[in-house]
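Once you scroll down, you'll see the structures, which are given as structure tokens.
Note that subunit A is present in both complexes that follow, paired respectively with subunit B and with subunit C.
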Partner chain A sequence: MQYLTPDVIFNALGEVGSTVLFILLAAVVLELLVYFLWSPLTAFSRVLDRRLRVLGAVPRHAASTILLVGALILVVAMVSPGREPSPLAPYWPVPLLAFVLGSFLSPNLVKVFKPDLRLPYMLLAPAIVGLLLLQVYPLLWELNVSFTNLSPRHFQSPDFVGLVNYIEVFTKPVLKQVHFVPVFLRTLLWTAINLTFHVGGGMVLALLLNRDLRFKGLYRTLLVLPWAIPQVIAVLAWRGEFHYEYGFVNILLRNAGLSALQWLTDPVWNFLGMCLTNIWLGVPFMMVILLGGLQSISGEFYEAAEIDGASPVQQFRHITLPLLQPVLTPAIILGIIWTFTNFNVPFFINQNELETSDTLVTALFRSAFQYFNLGDAAAFAFVNFGILFVLSALYVRASGGLKGATE
Partner chain B sequence: MTAVATSVQKQRSWWQRFFKSGREDSPFKRLLIHLALILACMISIYPILRVVSVSLRPNDRLLSTSLAIVPQNATLNAYRTVLVEKEFPVWLWNSLAITAATAVIGVVLAATSAYAFSRWRFPGRGPGLIFLLSTYMIPAPMMMVPIYILSTKLGLTQTYRGLVIAYSVTSVPFSIWMLKGYYDTIPRELEEAALIDGASRLSAFWRIMLPLSTPALAIVFLFSWMGAWSDYLFGRVMIASEKALWTWPLGLRDFQSQFQTQWGMFSAASILVMIPVVALFLYSSKWLISGLTLGAVKG
Partner chain C sequence: MKKHSLAIVSVLALVGLIVAACAQPTPEVVEVTRVVTETEEVEVTKEVVTEVEVTKEVERIVEVEKELEPVEIVLWTKEGEADGGLQFVQSLADAYTAEHPNVTFEVTNKDVETLREDFLTAGLAGAMPDLLWTVNDHAGPFTDAQLVMATDDLFDLGKYVASARAAVQLGEKTWGVPISNGNHLMLLYNKDLIEEAPADTDEMIEKGLELTTGDQYGLVYNQTEPFWMVPWLGGFQGAVFAPDGKTPTLDTAEMVDTLQFLYDIKYTTPIIPAESDYDGADTLFKEGKAAMIINGDWSLGSYKDVLGDKLGVARIPMVSATEQWPHPYTSGVYFMLPVSLEEASEAKMEAVKGFISFVTNATNQALMVAKLNRLPALEVALDDPLIANDPILKGSADQMTVGTPMPTVSEMRCNWDAMKPEMGAVLADTKAPADAAADMQAAADNCVATLD
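For the complex of A and B:
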């Protein structure tokens, strides 16, 4: 038992503070490195480019691509899956050499080390290092593990098994009983139901709020609250409320003269309970986004439409929706991604671990951390990632929503 | 003009007039709108009020079928237990220190990188933005094992060091996209004018871009704060074995897992941890709409 004494307070502050100082120091060192190395590298890359020009642009591109991809493959193979270093680790100079040679050969090198690009790369450097540690390294690790049979039985020396894990995602049950396809279809259904209600509910509330109204600020504040409270708390509270005897959902149903439902044990009702919870959580975000979009539409459009005799439905269809498009499309992309990868709701509402309520992400969690088939889980994770990537790309392509964003 | 408008209005059926948008809503319509909004507000806050209600229940009636918000014999006992007899204040303080530090670092990282993405064309820009977007699509559980292994190798477990670094970076991809979209809406001419007047690029960023993008910075700070404040998985991986280092989500989880949920303590603790986030939300609500929307307009 420990109380919040000044000692404890300063201890936490000291530890956090020293880390912040460490990050600051590292950032300063990094910035100085980039700052002072930039001009020499600019000069060097120019000289190199002039010398190598005789080789021609296409062979240089090809050679550098082969070397860089080779370096990447070697790095992936060297990221060790366990605590023991990988047997390939002593050969670290090979990928380093390939990387250096590959980048020297590339005609893009001069385009990177331009004098006027020093500042943007300095601005980016700390974030790049952070993302390499926290996003790229784990991804490379997962990629390596997805080709091995890493599991408690083969923890010290996992074997390379090639594409077996990827094939088994589709041919073997991903958990104890369920196969990939039902979980995938359920996840699609889950995403579709939630998104429909998020956008629909958010749209209705935004339309209602988009006018001069007394207590407007109060309504908005109260409506945003489900988004403001920490998600885990909201989900655990909802799980409590799905209790058969004491949860308010069933009490309300009984008071209305209906029969109480088995929210936590019946597969269908459990799935619907998940949806209910997530709809409750997700409507405020869409409402805020759409309200902002509505406020940016000038009232003159509606006045003109009114004079032309357009009905309210026509006005909504031909004025509101098209003008909301630039706000709505990114919001829907985010919505698809967030709902598809949502972990807390399907995991915690599914208290009894019904395999019939699992979405792809919770199935992934179970296969990694309850059954410890890390190799299978890694392959499964990349399949998930790929599906989501394709889905989002299709939506972006269909709606043209991010046009201009990456140009 | 007005004559035409009124004649159009006369031809409309009652439902068309009812659904008409505009300022001059009829009193009946106003009443209905208020009723609908009150119903929506009740749906949105009732589950939260239930948590308040459970936290006020005396120990012997934690399980009851009453729907009243203020229970019979309401007491603050659960709050007293959580604040005095448990380590909860320590956990809350740990969370507060870590979250405040990481949200600030995250915003600084994102604000500078987003400026580079918004104002320069450099090799790797397009792929970089796509990579940042696709990191949202990585399921969180997927990253836990490699991050655990990496942090044991670097000796970062059971200290805050790993946690602070991890939280600072996790929200950065989203923040960069958000801020880049917002910067894109600010005309370049403003900075160019400053550059002509002899300001450096960095001081133009500091004096012009940052003040103009307050709404987006507020949103990004809010998102980074929320991400770090409610995170359970990283905490579980990095500091699980040292109870004095815990953040509140680990502690709250502990209230739930001992044989049965201690609903009173759980609810009281939940209310306490909601306060900082809800306060931040309400404080930033004036920027919430413009910050989110303008950032989204440009993607």
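For the complex of A and C:
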């Protein structure tokens, strides 16, 4: 434990300062490089495109795709999954060459290097590099790990096992007992319950606040507080309140003459405890989004509807909901994604590691970092990603909810 | 004006960052005169050369150390604040720094499971700490992953208690240096609520039922961890491994009996809370709302502070059905050396070795006994009258005599992970003991199969 002396503070500031300075300098150098190289690259790409037109567009596309995909595969293979460097690491110029050749062959190169795109690419360059290092590289590493048996007994140099891990995600328990399908179904149930109450609760509160009300600002502030509190803090506080002996929930139940509940050890009550906590956390966000949407709906629609004799329910169904859809659709999509991938609530409320309360994300975490089956966990992660991607795409297509925003 | 102000502030901030970033630590020049006697220690200061005159004949050692390489040791410890362990570790680090001003420590507490997970992750990321202060069963996964180094050639291990050494021996090598011996569970009781510890489980249940009222319990223990279940398994004459020490044997009649016993003391003859984790049990006992607790030697210090003479220590009661004493796992706490030290500077390696020798010397072992009430790992320290004359330490040592060494093989991890959810299911009354035993066996077998 280092005590917070002036020396410690100054040293910490120095470390942070030097890191920030390094990043700033690197970003400046990168942007200058892009700026000065853009014109020569633009000219070069045009000359190259003219010379390569004789090959034909289709062969160029095909060759370019093969080279670029090959480069990607080689990079994935070179990323060492274990502690020892990959035996392919010394051949790093090969994928680099393949990438460069593939880019040069591509008919799309000339569309990238345009004079008027110099400034946007210059400004985007640091972010692109950051994303490559912080998102793309870890993903490639994880992809590599998913084809290996990386675990404590194969830590230094794991073996390539092909698609075995992906198959075992569906055929063997993902943790100790529970298989993939029950965890997946439980995650869907968790998402459905939470989203229903988030949207329902948020809508009710938004409708209540979307009127002339005394102390509206105060109510809004209080209702937004759960969202403002750091999520981990709020979840840990709730976990404390679910304590059998000392939690206020059981104290209230006992005072009301009811039996205390085993929130942390009983599968059903633990799951309900997770849902209660997440609903409390998620309603304010929906409320704020829907309130914004409600305030953008012109009052004339409601006046006209009243004149026509529409009841409040009819007004809600035929005016409020359709006009809220451009706001509601992205909010629900976000809600699905955030709830499906929520880690804090299921992990911390389920402190006793009940497999009956695990969602896909927490099961993945335990598989990776508690049981250290890193190869299996990596495959599990990509399966989770695939499911989430499909769910989001299906919803957007089925609801057509974004049509209103784009028309 | 606002634009200019913003520009000036930005420039000042940038200049400040540059200055801070360019700050270099100045090497310390320390001239030390140290006078060592048999019975005295002289406080050494950085700036002052001090010579203390002594009247007795003493051995004078004068060391002048110039331009010492600063060494920072990152130490991860499983010791927590609640029982004073972390404070003790920090005090040892501070004392070592006082004697070796160029050596500083960054002490970080992580609970046992978090330490294991984080160290494995750090190993993969190439960002390991310099030293671990942890439990023996981490030796299995850490040696499998080849993340810790053998200590046979680095230290004279013969001066430590044999059973403590044995607990970190795998494949004919020793993978740690013992700090304390024990880390075992025992029965602790509040003499204000119960005069004498029960001799067997029938008596424990009988007394427990009398003591369990709305606000008080006869017995508490951590119901979430199988570490608290295995002593009873031993009492029912069961074991988690076959004689080969690697094949899980969880689906046995003995395990079913153990799970049934734990179920019975919760539901049939309820003497324990409906739900209780480590902190809950600990708090209930400290608040005087539990007559007995099954907890480990690491908690003795804090219970002694709260209960004083009212604290009683005894063996976990004999199982009446089998007339066998429960066998809590015994091990200890150990230093483990990450392999990253092999690439560190010689100064760091020497500092780490020096610190380990310092912590496990007779003086500090006696200090640990006095402050934390843990049995020492150093053999000569066992002769300290503090142990023989202290009823608490005597009780702790007595429990150890019927303990069983905790397995350190990686397969033990499979057993722990298999037993935990099933024990929880039985205690939550969602699974019958027989089904739980079968399921934990399947889970353990599944896990062992994935190890290779």
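Quick note on the criterion: the second predicted complex is superposed on the first by the 391 of 407 C-alpha atoms of A that agree within 3 Å, B and C clash if a C-alpha of one lies under 4 Å from a C-alpha of the other, contacts with A are read in each partner's own complex, and residues count from 1 in each chain.
Throughout what follows, contacts are C-beta pairs under 8 Å (C-beta built on N, C-alpha and C of every residue); 3 or more make two chains touch, one makes a residue touch a chain.
Nothing here was measured: the structure is a model prediction, and the numbers come from that model.
Once chain A of one complex is fitted onto chain A of the other, the partner contacts of A:Gln370 are limited to subunit C, with no touch recorded for subunit B. In the superposition on chain A, A:Leu225 makes contact with subunit B only, not with subunit C. Shared-chain residue A:Tyr246: touches subunit B and subunit C both. By the touch criterion stated above, A:Ala379 is placed in contact with neither subunit B nor subunit C.
In the superposition on chain A, A:Leu276 makes contact with neither subunit B nor subunit C. Looking at the shared chain after the overlay, A:Gln177 reaches subunit C, while subunit B stays out of its contact range.
By the touch criterion defined above, A:Val235 reaches neither subunit B nor subunit C. Look at A:Phe389: by the touch rule set out above, it reaches subunit B but stays clear of subunit C.
Counted by residues of subunit A touched, the larger count belongs to B, out of subunit B and subunit C. Legend: residue contacts after superposition of the two complexes on their common chain; A:Met78 is shown touching neither subunit B nor subunit C. Residue overlap on subunit A between the subunit B contacts of one complex and the subunit C contacts of the other covers 1-2, 13, 17, 20, 82-83, 245-246, 369, 374.
Within the complex formed with subunit B, the subunit A residues making contact are 1-4, 8-9, 12-13, 15-17, 19-20, 22-23, 81-83, 108, 111-112, 117, 119-121, 123-124, 126-127, 130-131, 133-135, 137-139, 141-142, 205, 207-209, 211-215, 219-234, 236-238, 240-241, 245-246, 248, 251-252, 255, 280, 283-284, 288-289, 291-293, 295-296, 299, 302, 306-307, 309, 311-313, 315, 326-327, 330-331, 334, 337-338, 340-341, 343, 360-361, 364-365, 368-369, 374, 377-378, 381, 384-385, 388-389, 392, 401-407.
Partner subunit A is touched in their complex by these residues of subunit C: 16-18, 20-23, 25, 86, 90, 106-108, 113, 117, 120-121, 123-124, 126, 141, 144-147, 223-224, 273-277, 280, 283-284, 410, 417-418, 420-421, 424, 427-428, 430, 439, 442-443, 446-447, 450-452. For subunit A in complex with subunit C, the touching residues are 1-2, 10-11, 13-14, 17-18, 20-21, 82-83, 151-153, 155-156, 172-173, 176-177, 243-246, 260, 262-267, 351-355, 369-374, 376.
Those residues of subunit B that touch subunit A in the complex are listed here as 1, 4-5, 8, 11, 16, 19-23, 25, 30, 33-34, 36-37, 40-41, 43-48, 50-51, 54, 63-65, 67, 87, 89-90, 93-94, 97-98, 101, 105, 109-110, 112-113, 115-117, 119-120, 122-126, 129-130, 134-147, 149-150, 152-153, 159-161, 164-166, 168-170, 172-173, 176, 181, 201-202, 226, 229-230, 232, 243-244, 249, 252, 256, 261, 263, 266-267, 270, 273-274, 277-278, 281-282, 285, 288-290, 292-294, 296-299.
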